[in-house]
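Each of the next two complexes has subunit A plus one more chain, namely subunit B in the first and subunit C in the second.
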Partner chain A sequence: MPTPSVPSDPILDRLASSDCEVKFKAIREVKNHIIGNRTKKLSYIKLGAVPAVAAALSDCDPNLIVQSAAALGSFACGVDAGVRAVLDAGAFPRLIGLLSAPDEKVVDAAARSLRMIYQSKLAPNYEFFQEKNMQFLLSLLKSENENLTGLGAGIVIHSCKTIEEQNMLCDAGVLEKLASLLHGSLSQRDASLESLAAIIRNNPAAVSKFVELHSGRALCSVTELAKDRYPRTRLLACLCLISVKNSSSCDLQDTEIKTELVYILLELLDDSGQVGDEAAFAFSSLIAEKEDLQKLAFEANAINKFNCLLRKCPVHPKRLEGIFLALADICSKLECCRSSFLSLQVLNLVVDALTHEDANVRTAACICLRSVSRSIKNLSAGRFMNERVVVPLVQLLSDLSTSVQVAALGAISNIVVDFMPHKSTFIQCGGIKELVQLTKSMDSSLRLNAVWALRNMVFLADKMCKEGIFVELTASSMASLINDPEPSIQEQALALVRNFVDGCVYSVEHAFAEDGIVLDAVGRQLQKSSKIEIGIQGLYVLSNIASGNEIHKEAVMQLLFPQDENGCCTFFEQFLKSNDSRIRTAAVWVVVNLTFPASPGAFSRIVNLRSFGIVYRIKKMVNDSCMDVKLRARLALGQIITFGDS
Partner chain B sequence: MPVRVLDNTTPSQVSGANSGKSSFQSCSLLGVGQTPLTPKIRHIEHGVPGFRVAFSGTQNVSSVQKDEAWRVNVRIQGCDLEHGYLCGSMEALNVPMADTPVVTFWEGEIVDTKNYTFFTGKWEATKEDDIRHWSKFPSFSPLLGQVEADGGKSLDLSNYPYIFMRWKEQYFVNVGTDCGLTIAGFYYICFSCSDGSISGFYYDPNSSPYQKLELKSTNDGRSGFSFSSYELQ
Partner chain C sequence: MSLFWLVIRQLAEIEAMAASKKVITREEWEKKLNDVKIRKEDMNRLVMNFLVTEGYVEVAEKFRMESGTEPDIDLATITDRMAVKKAVQSGNVEDAIEKVNDLNPEILDTNPQLFFHLQQQRLIELIRNGKVEEALEFAQEELAPRGEENQSFLEELERTVALLAFEDVSNCPVGELLDISQRLKTASEVNAAILTSQSHEKDPKLPSLLKMLIWAQNQLDEKAAYPRINDLSSAILEDPTV
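Now for the complex of A and B:
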């Protein structure tokens, strides 16, 4: 096996030599060897060269210091192991100290080296809240030295993560300093744009400050730079403008600028390097959740563009991920986009990517599939419920990455809604077992999405399919899910039960299995229901059960009005009085089903309902402000009156 | 529901929905809004409500030669009130020339006066055709004057106990396009929010006029009403 060539001469001895000349030449030799050569860098790191090089930073000879700083910067450039070795050698504080050195060459070399380190995630976090640090940062940004301003910007890009940090930088006047760099050299412009984007991202207050900066001239400069001849500058300017557009209601909202951004980013996708990769992510953040922008993207033929890019082999994983996420966003709301996606056969490419070796690509492919499968028209046509799509998706349920599993569950949740009763394709590939297994996961997002998928699966399922799922899941697990600590899981679990007890009358029995453990859990959850959505689903479970036979209806009566209660205000009455019309509607449906006139026990139930004040309440609801509630209340009252209105 | 091919079908135009939020109230009998989207609360922001609501009845396909009615089942499959959109499937049971029930998928426009007005503006339906068909529904008569003036744009139907829609079949689910049937036309639909009944008239300039569709909500042999639901992510 070929191995990286380790230098044969005793380089470590020469690096540690007391002879300045020998040491200088050794460092220069190392530096020249490792420039742009990852393998050589790793090999010297392994050899222990970095501490020896770093030691020279403490020398008095400026030339030696400059060589040492340059070599360390090179070790740190683009290789995390190099950054780690430089930090471990204690070079970082020394380099910072050298920024105040009298010799400009030394300052320049130290700044350049630190810039390399700050490009890595491993660089230490810069603590802006320390006054002296902020002052130091400002001094860097206002410097005439390009490497110092670049370092300042690099620190902001690396360390500005939270809203507090963003606000602190705004208050300290960093925006002004960065804006002045927009007219500097190419590297200053790019560094400034990237730092500005970091400070204003998802922060409306920071955006407002930036927009007002120099009476709007800073924003104008950025808008101009979005048309710059350098692709990276254009991309960074777009990222700033996207942040402005996404967090402000009035700026950059006209269609012309939006369209321009769409076209600039689509054009940047043609860049074969990092800019092209990042353009897809920027495009995604531009159109996410924005129907108008998705429409503009559609009209700009974006789907076709992404399709063409995907068909150029091989596509870098980062780019694949970005393109799938961008496609997911385009297809998230508009049917015309999904339609175009499917007619261009992009689905095949997405399905192929489900088995990609990169977990981020697999996740993005699932997210894309989830978005496209929101098309009821195509779900109904069975477009997704086939082995080619379902088998790899089910395999992803046991993926080592939780993000992949969650994303796969999202896609499955949609795909199983095929409006067909048997779901055989999904069952045959072992999907049910996997889903049920994931409902028991320690990870709440996996539990939630697994229950959600089962809930959608049971929707419209036939008796056999329901039976298969029920046996695998068991009534006790279903009860546990209803009592899950997470409210969103409780809601989905109740919706699952609601679907289980729908359909033929026999289905209602599912709620009574294992001594009614499920029904008890539903009752308890309804009594303490803190979230509207939980109340709605719980009430529809009861309503569906109450549309069954006499035994079912009586069980609901017993749950709502236990015998030990004495006619005081019941929790059910609270639902009828709810401020939320959806809750009132669901509650009235329960009454409609309990008083269904053709059932033999209707009269005695009406007597009971009257004694608990429910009939009185229903009478008050016939003029409810919500039409749906009003109509259901009238239906219920009409049924009650057929037995006499005493 | 498909009808027999009488003439060459004409391709339908692209739907031209206006944007605008609907203030339309939901109706649980239509299944609409049982699990409405609350994006700020939900951790996943794209929930789309769905439901299981079924209707059954007949479509009168009588011609001069023969009285004939086909049994029809309809299932609502999805709804997006904000865009005035509804969709579902339609199953025709005793179609003479078909061995099995014929299932079609349809998409609907809800006349919410924001996304869609009473004027169809496509599918070969003139304003006169629209008025003539809508007028066959008794519940339309109070609206007639305003509809004649502006298609109903200025009407607030959010509390009206009837929902007017157009349903247009899009494709055959279980048979090929060579089955001798056509789905070229569309339905004018009136849905009663109080009892869940649906009346409709099929319109296709090449088919017998005023084929009447009459549907009632079904309950699977239950003593009451049952609703299941799904939610897309």
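Now for the complex of A and C:
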């Protein structure tokens, strides 16, 4: 790369010259050098030209101010270092002040520059809750000057993030002002659509206000604009409509509009620029979690379209990311979509992207893989458990970006489920070591997903596999995961233990390693019983252990009814009395396994259970409202009665 | 656009009547056309839109005074826009860039493709004037970084630099870059970008109306024989061939 050159003449001196003519020429020269030219912007910023240019904003010559504002705007355009430099030079408040200058050219130049600054995340947050700020914003939005209305919209787009801010803007009448801009010039329409989308996003109250605005005419205008001839306008209108659709139950629910949105967005993907890139993200938000829309997308041949787009080389990283996310959403629920995805060989493209240099692309590829690997049919065919897929995925477990690691864990969680013969591929490439390492991460989302992946890995695994994982993980780490500060991790850790102790007697032994440290931890979590899901997993751990031999069953009895407890009302009885039928089912399962008649100690256990009031409780459950509970309770009672009912 | 839609409605009515290919005589046709009412102001606005978009600023000014039609854009900006266009057309690209930046600094900052094409045109002009060393330096400093940012720019840059490799550029495979048509292409791209930045359509309405007229006639040809307009410049109705 050639080193960008800055003119050798001392430009800084000329920028600071006391001769107005010299200064004017110098600023204009800098401006003309940097506009459109990223490399020049960076080198002038490095040279320290920004403060010198900003100083001219305080000049009294309007021509000088206009040049200075224009140059500052260009520094801030598309270059974060430029925005920072402009802010650091103190130009921001000065530019705001210039908005009320008498000279219209100065106002235009200042407004343009501020708009550029507001396009960056680095711009200071606009505090809507201050009354004078809100009044100022409204005055911008109702101005005749297009640059001022554009700035007003830019402020909304930049700073309206929270529900409170959205509601504040609605209450102040900003929606009305923006709606009237929908009939303005090209740039006003786009700015208005984008700000409207920012105000109504994920906010049902704001959506209904917008839908009712001018008795529905504003919504009609937006619907019309979704068919506008300008691609950007169509995209922005679609974003508004998606927000409306996603947060209201009655409006826009008819299939016609949904289908239309699907087709408009698919067509926008053909745009080779930013609009095409963003269309993929919009498409993803349109169909996410919505099975009916995923079906519509499938019928509109969306997967094939994405496939074709991916095969055009080279694809911009932003677009790759968007397309993978959209594909992840299409394939998240429907098997027909996954089949089509696989038969079109899109999987190869996704796997290639696992090693892409852009972290967002790697993350999106993992999310896509996770979604496709929900296909039981293809999982059991071992379609994903091969070196080509697994090796890069395991490598991503040590990626520098946490979001990549989490996404990779998500994909691995699905791929390792069930289907024994294939697990060896994963073990051979060091996957277990990586997963175990991540269960010790400082980042809770990494710990959570790593435990989750291990849980799925252990599900129905053979002896070899379980042993391998157990040796790597150790009983003491398993115990500390059960006691993790995060409840969601406690739950997954218990589920992991549940899968470990599932199956033959040797499996149950895992709970007794290191003096039963795991079983103790399970017992403590159950006594605390802070969350229903934790209770369920804990009870199934006990239920699985109680299916083991006499020693195992007695250990469960010991845990449920410790010697020192006075026996009036045990925590186990609380589970049997729970309002949640899943808890009751799990608890009755424990009793069923403890009272299995063929085992020699069954009778003495029944005597104990009776003395703690458990048999009495079970009798009350034979007519439980939940069918599962009812059947298990009858099974348990049947076993108990074989030893006589007293 | 009312003129067009009225004509279309007439055509549609005729179409509805024609079960097989119907013949419409000149009298019938002219009578039907006479029933179509066109507002004078609409005509004037179409003319004004054409003059303004094409940049005939003096004519537009006269037309405004004589017809009382207000242009939909500030006439002063047309002068500026034409000055930019003219600068590109006569090869003064640097001058053109400065003028665009004075007009609105956002245009070239937010339109990398246009910016690249202007820089490319600058390079072409340097090569045309035989300033080989300057051209190479310019290509390396100004254009190469853009090529790194965008693959298609890189390809265009390579094509342009290839001009330097030929003794007789008028006869080389990339010689068309030196044509006047290349300047006109760049000039019209700048023109369109300025118009868009002013929220103005980049094409005049009149040509699209005529396109629609031709399209409508083609549609009607399948259903009817009627006095057709074949020469757009004279707009003479020609008798149907039966």
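One rule holds for everything that comes next: the second predicted complex is superposed on the first by the 641 of 646 C-alpha atoms of A that agree within 3 Å, B and C clash if a C-alpha of one lies under 4 Å from a C-alpha of the other, contacts with A are read in each partner's own complex, and residues count from 1 in each chain.
The criterion applied here is as follows: a contact is a pair of C-beta atoms (placed from the backbone, for glycine too) under 8 Å apart; a residue touches a chain by one contact, two chains touch by 3 or more.
Please read these numbers as outputs of a predicted model, since none were measured by experiment.
Between subunit B and subunit C, the partner in contact with more residues of subunit A is B.
When the two complexes are overlaid on their common chain A, residue A:K377 makes contact with subunit B while staying clear of subunit C. Within the superposed three-chain model, A:S74 lies in touch with subunit C and out of touch with subunit B [touch as defined at top].
In the superposed pair of complexes, A:C504 makes contact with subunit B only, with no contact to subunit C. In the overlay built on the shared chain, the residue A:K31 is in contact with subunit C alone; subunit B does not reach it. Legend: residue contacts after superposition of the two complexes on their common chain; A:S159 is shown touching neither subunit B nor subunit C.
Of the two partner chains, neither subunit B nor subunit C is touched by A:N203. Of the two partner chains placed by superposition, A:S192 touches none, neither subunit B nor subunit C. The contact surfaces that subunit B and subunit C form on subunit A in the two complexes do not overlap at any residue. Considering their complex, residues 1-2, 4-5, 28, 31-32, 35-39, 70-71, 73-74, 77-78, 112, 116, 146, 185-188, 314 of subunit A touch subunit C.
Here subunit C touches subunit A in the complex through residues 97-98, 101, 104-106, 108-112, 115, 140-142, 144-145, 148-149, 151, 196-197, 199, going by the rule given at the top. Residue ranges on subunit B touching subunit A, taken from their complex, read 25-29, 33-36, 38, 41-46, 48, 50, 52, 75, 77-78, 87, 89, 105, 107, 159, 161, 170-171, 173, 193-195, 219-233. Only residues 289, 332, 370-371, 373-374, 376-377, 380-381, 410, 413-414, 417, 419, 448-449, 452, 455-456, 458-460, 488, 495, 498-499, 501-505, 533, 536-537, 540, 543-544, 546-549, 553, 582, 585-586, 589, 592-593, 596, 598-599, 626-628, 631-632, 634-635 of subunit A touch subunit B when the two sit together in their complex.
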